[in-house]
């Protein structure tokens, strides 16, 4: 207990820097790999790195990034949301089927889709917090329920469509900027602000790291969890709506390709899968990284199988990187 | 026989046995009372992969884990066998099963040795093995020797082969749980820190739980490929949720430490019979996934409510 | 012979063990004594393979041992029984006894019938009246501790480590253990014994090693180490003094507790005056923690009532208690008290933020005010930390505890519940905490604190309630209040049982 508590400011700064880097090893490494990939691509196909191309990849990343907002919050709370696959599909079907491709019905469709997502998320949250069902079982079960419900609702073939006015949000441009990317940036800022400078954000990090401590400090853990899963359902619904707008219609299984990447983006972003540690900034990098990776793998004609293997490998690498830079603290 | 009965009575499987009996009776009546060994064999054939992969999941859940990659491991083993059978039956089967063991060992290494999160690790390896299965066998097919299917549909001692296998796997699971390994699995699930302090090699036992799970999943995949006469790279997806469902329905809590293999077998049977009943009721396939999901949530939620009630009574 | 050579261990900022060396010969019972946090448990844990020393070595009969896990230690014949039990609650007594080695039947199957028979033989041999098929979870604490001791002794270890293994044993059970230890000594085994009770050290041990602040201060034969000398060496001071002067509590009733019934609690009735420091004593696990938790709304009550300043309280959760002005600092600092990964500031203001203080509209945190509050508290409580941003895990136990106390002081509580908060805290911080608690009492705050240290109860409390089996057995105050009286009352119910 007698060691000195005063140290040179230089040493302090160094220590702080080291801690900062260690907590962000995975996102920084993926940032480096992103740059490397871009350089290699530009060498192999000169002109690859252009404003249009970058904007295009950012646009593709936005779907994943928005779907991963909820996943980030849920993982920070110490849980996981595996129901976003069919939440995305289901809400996209609701959106397309309610709005029927008619501009006048667009808002109604949007409201119906978002409400559906919110309700799904709230039910997840109630199951996890009030009934203490483990998040993995609750959301995996919910995924199946939505799958069945969607099939019943669409009778196996989704119909309807998205009017051009609606498609603007996913495909439109304002000057050189994609509307979708601008929307993503706005949402990102909101999420980061909520996490870092509000009471709710603090409580979420507390519940995620140690629910018992947070309960004993007077936090209503169940409310925090219900809110978090609700937001996850909402963000999945938004991703579904935007993806349907991008494609012009909804189709079954459109959400399946989001679950693993969304979780991967969060893990690559350096968040602890045990909750309480991380933020949305890393997830943004993770989403961009994974989208770029997918794009490149399909450009060089990797089969779906090889892509699956590489995807899994990347997640394990990120997990290991987090493990060895942040310690195995559970 | 009395020992068997008492072991069932003492386990948490009692509820599942009762539900199974009820459902089986319903099934029997709906079928117009034309019960036969053929029917039983049919049911056993349908349920067997789920029983085996459910047992695989059971051993992992017992040590507070979860394995989402078991379905894809099934796909890899089935696809490998389907591709390799021309090289000879024995090497094909050996390689298919070895692939399962290897896959399980990878999960075990990452989860038990490096203490990474079971959910994310197995999500990642799920993607890896899904990919490997697609590389091995891009489209369902391959060649399965007819002779093997003949063996599976044979009826030695007047009993359908699938029923014999079903009982065999149930016995295998029960046997494993009766060994020291089984006792230590339960100990780790019950209290990991106390087990470690008692001298149980927690990391090693947990590692082997995942290896065992991988092996059993490979068995399930192999059986599935042989009984359907084709390998398929995508069968795995349909087994992730049901394997957990069978475990949960069998009275095994997801926090580990409790539950019996017989319960898991019952859980698998319940899920399968519900599927058959839906078919009889002429309901669309859509309902199957919906009902599976609802069952899983309700059963786990009911267990939570029951625990509260028990706590309230204990007060 | 067991030789410990220069072992050293740090946990973050805490230098838990500094260069400790000692020997224990075969046929010797060595007692290790020291205050809470002196480092004796860490030494024992290194011998048992639970934690690895940063430096130094452990030798047994001339061989240097590399102990990476408890199971390594077991293979070298080092067996340990800790205060935190290493039995698995959902397994039966027989299963626990044969966890590593069970009678085999056919094909590796454990022969259950034989296991149960052998288990009951063992239990009988050690004169324990426990059913081998009972689930460990359902047994009382004392019996569990005895089963664990039996399990270790049955494995015939060269070195047996007993770390506070008597904490929940009654008097007859302790003499049972004394006979067992004598047998081990006669069989040329080495026993390392840790206990808080001096009379046990006196009856069990041949040699006594005293630790203070992570250092081994002295090793001597038992006769050369009378109690007062040991206490002086342990504390570095004489037995008396070190506590702030007591102040008589004010008139009236602050907290009225009437006939509480709940888990581990029965017919608990008492009242707390404003400015009173009320101690809870008794053996470990007699309902003290449960009482504190019930008052904080964490444990559901079956009956009875709690009133604060005459107003009855409905305690459905911590939030109700906090709203009424009751604060609780829990027993397990690491798992229930602090967010280890988070900063000092995060931990210190977490409860206030949860209550809505320190934030403005939309829940935006008022950072400037937070920073000022934290800086002021660090200064006032002399918390040793680089800054408010330092992760709390880098602080020593005592400083973490001060952060935790401050977290609740911010809400200006009317009643402060402290659950053995000085355990594992260094001496100087302990005294700071005593001063702090007394100062709060002088301001009229009512304090209820549980302590496993009777010395602390006598020194700090105005009145002590001794608990046994969830009931208040005795209330001691004024001249009646002494360590001996507390120990007598604590064991009162157990003598002859």
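By written order: A, B and C. Residues from 1 in each chain.
Going forward, a residue touches a chain if its C-beta (ideal position, glycine included) is under 8 Å from a C-beta of that chain, and two chains touch if they have at least 3 such contacts.
Predicted, not measured: the structure shown is a model, and the values here were computed from it.
K.L.:
Which pair wins on C-beta contacts, A-B or A-C?
P.N.:
A-B
K.L.:
Averaging each chain's C-alpha atoms to get its centre, pick out the one most distant from chain B.
P.N.:
Result for the farthest chain: C.
K.L.:
Using mean CA coordinates as chain centres, what's the chain A-chain C distance in Å?
P.N.:
A distance of 44 Å separates the two centres.
K.L.:
In whole angstrom, what separates the CA-based centres of chain A and chain B?
P.N.:
Here chain A and chain B have centroids separated by 31 Å.
K.L.:
Among the residues of chain A, which are close enough to touch at least two other chains?
P.N.:
Residues of chain A never touch two or more of the other chains.
K.L.:
By the touch rule stated above, which residues of chain B touch at least two different other chains?
P.N.:
Where chain B is concerned, no single residue meets two or more other chains.
K.L.:
Using the touch definition from the top, list the residues of chain B that touch chain A in their complex.
P.N.:
For this pair, the touching residues of chain B are 66, 110, 114-117, 119-121, 123-135, 138, 233, 240-241, 244, 248, 254, 284-297, 300-301, 304-305.
K.L.:
For chain C, which residues are in contact with chain B within the complex?
P.N.:
Interface residues on chain C, with respect to chain B: 50, 69-71, 74, 80, 82, 84-91, 95-96, 98-102, 107-110, 112, 151, 262-263, 300, 302.
K.L.:
Which stretch or stretches of chain A touch chain B in the complex?
P.N.:
The contact residues of chain A facing chain B are 80, 127, 131-134, 136-138, 140-149, 151-152, 156, 260, 263-264, 267, 273-274, 303-313, 315-316, 319-320, 323, 328, 330.
K.L.:
Which residues of chain C touch chain A once you look at their complex with the stated criterion?
P.N.:
Touching chain A: residues 13-15, 213, 296, 298, 317-319, 322, 328, 330, 335-342, 346, 350-351, 353-356, 359, 362-365, 367, 384-386, 389, 391, 396, 398, 407, 426, 428 of chain C.
K.L.:
For a test of understanding, state which residues of chain B touch chain C in their complex under the given definition.
P.N.:
By the definition above, chain B touches chain C via 175, 178-180, 183-184, 186-187, 190-191, 193-201, 257-258, 312, 314-315.
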